[in-house]
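To keep things clear, I will list the structure first and then write my remarks on it.
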């Protein structure tokens, strides 16, 4: 089988973002999605530190320390974008105004629970940022992650063992192996990478899947 | 004795407003106070419909229907004033940011309860506006009112018989007869109009007063 | 390309259904979306719940909507005005339900809806008629009333300028309830004096970001003489 | 005449007492009031509770305040950064109390303080470690956590321009927590790039009205090269 690279994964997520969507791309892997948004669609990127209509990284030398994204990287503002304070920004995030947020994850459970902020390790410094707000606030939560950990364990699980970010919040999971919807009917596989059989995918996944490629 | 006219009452209240105070003048009688604010003091008038730094009425012909006060009368904006929405306006009012609000009243009780929004009459159309917010939100609530009703009853009472606006919220009462502080020690008379004795004032007032003119 | 500009008032309110909750901006006449209200009257939806600071005055606008018997309930802070005769008559006849809300609680409940809060403890109204039957709680020595969000199906508001993404700026005290209602409704329709090209509104000074606005209707026309001649909507 | 401009950083933070709660604006470096933090370090107040989105990075600013052992507790959403070694060391050594708050709850609690609410039911964090031991409630089929306001004695924030009444405008994403912290503190001190004459800030575009600001300190200096040369504070 051909596992999706990080870039292919980002491109796959980007393809599901429609014209006019208001979208927050979480820190880490999801920020890559911005590079693959179709150029012919107007899509509104939100960053929780107070901007809507976020544009690409500036040309070298044009960075402005007052214009950064939630990952604290320099960005630009599109024509038509605007700035606002944290209160208004989280009104957008928590009030159901974002169509989609894309988050990374340590684990996703079969009922859509998300764990992505804390390993729970005794020595770990916990840090949550806006992850829990995005998990409960966006209309649809997309997760993008590798299907397995580096040691080969499934990140899709019956029940999360890492501390939760949100309960039953994930709508869809994009991995290097498959695209899986999460809903009342459990986890439904919509796409698999070339050369992967459903049986093999199920074997690599620690939760029951249904096969229903449209 | 010489009862204070409405204008004299407004001037008396105005004299207690200090430079730099943020002040809301309630609809009705309190709006008169604006005419008597000392010209040598910078005082910030707030209007709950979204302006701070409210100026006097415009010259005839200069009215702007988009620039009105809470009584829906045309006003102006001082240099340095600004506009904001209702959420921010009531943050100012309810968050303890106004130094003083001046309200009219039907009744004030000896413990500082205020009744000023509703006669309680079966046929009355109730309307509260921002009165209850001002009553609980300003650092100090000044009441200005006639000491007695048109039929000669005391508007200062042991216990309000009209529906309440707020509990224990009034700091000071200005009437056509006296200036009375309201606090832990009950009602303390600070000033009386010329020719009025304390005994006469007490006789006209349906709650116990203490005399302590500084 | 996203263009939220709708050129017909009728189309802008076409999908308001019977029984809908409709927020209407404005404080007195300032910020009142009169043309959208007229379109709503023409559209014909009934049994509406209306959220507005007032309850109409004179015979036009919200008063006309009431008079046409389209409104089942009104949620407001100050229905009584010298010329609120339409409301007064219906209310006294028991033909219109009134939920009277202190103005700050009205704002807070609208904001709670927009920002996804489940409820808020507000200091306003404690111990009064308007908190009767409501849950209360003493927090740090102060008494509060529990108030729940007001969500709406539609918000009809008036702004000054818009662009095709739905970004809005207002004019003076006509701003009032517009920005908070825009965030609290499933579908916000803004009538504006003027639509300007994208990028013409200062990104530091946009008051309502387009995420809160679904439709923009340029009205043009009436502008205060102090601000120059009436302008035409760019996109008309 | 009211003039909130203070020309000395030291005087601007002179009355911060031991044990005070101090909000510090900024998200990463944007909006971080570095000069005010340095002044606070020089001033010497101890046992502070600090409210900031992060917990300092590198060795300057908030990290330096932590390193000087002036902070008892920090309330923040994202302490962990690649260069948050000062916080990390103190936290692991048990010498610094951490209250970790989801960023939206942090904002909502700061806003609740500014607007006089007693508490709010927020959707964020329900069922997670960060809601353990907290009151919850199901409202309209959704679960919420009860969160209480965060009030502060001081807010130290950074804005772009101010006037003598304390009206503020910000620059790009440096706005972040400034406006909501300004409303939540008993005394708000804003360091600004520039003080301009009264009336120069557009009344439609003022972000923080002066009512929320007690002191303004012009810093001048650093400005992005894209915005022309550095300007000097008008009132210096």
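Here are some notes:
Labels A, B, C and D are assigned to the chains in the order they are written; within every chain, residues are numbered from 1.
Operating definition for what follows: a residue touches a chain if its C-beta (ideal position, glycine included) is under 8 Å from a C-beta of that chain, and two chains touch if they have at least 3 such contacts.
All values reported here derive from a predicted model rather than from experimental measurement.
Listed by label, the chains touching chain B and chain C alike are D.
Set side by side, A-D and B-D show the greater C-beta contact count at A-D. Centre-to-centre spacing of chain C and chain D amounts to 33 Å, using the average Cα coordinate of each chain.
Inter-chain spacing, taken between the CA centroids of chain A and chain B, is 54 Å.
Separating the centre of chain A from that of chain D, both taken as means of CA atoms, is a distance of 29 Å. We define each chain's centre as the mean of its Cα atoms; on that basis chain B and chain D are separated by 35 Å.
Within chain D, the positions touching two or more other chains are listed as 108, 111, 115-117, 122-123, 170-172, 204, 207. Multi-chain contact residues of chain B (touching two or more other chains): 77, 83-84, 87, 90, 94, 136-137.
Across the whole structure, chains are in contact as follows: A-C, A-D, B-C, B-D, C-D. Those residues of chain B that touch chain D in the complex are listed here as 19-20, 22, 42, 44, 46, 52-53, 77, 79-84, 87-88, 90-92, 94-98, 136-137. Considering their complex, residues 108, 112, 115-123, 137, 139-140, 142, 144, 148, 169-172, 202, 204-205, 207 of chain D touch chain C. By the touch rule above, chain D contacts chain B in their complex via residues 1-2, 111, 113-117, 163-165, 167, 183, 198-199, 201, 203-204, 206, 209-212. Note for the complex: chain A touches chain D at residues 47-51, 62, 64-68, 72, 77, 83-87, 89-90, 93-94, 118, 123, 125-133, 136-137, 163-167. If you check the complex, the residues on chain C that touch chain B are 27-31, 77-80, 84, 87-88, 91-92, 98, 100-105, 107-108, 110-111, 122-130, 143, 170-180, 207, 224, 226.
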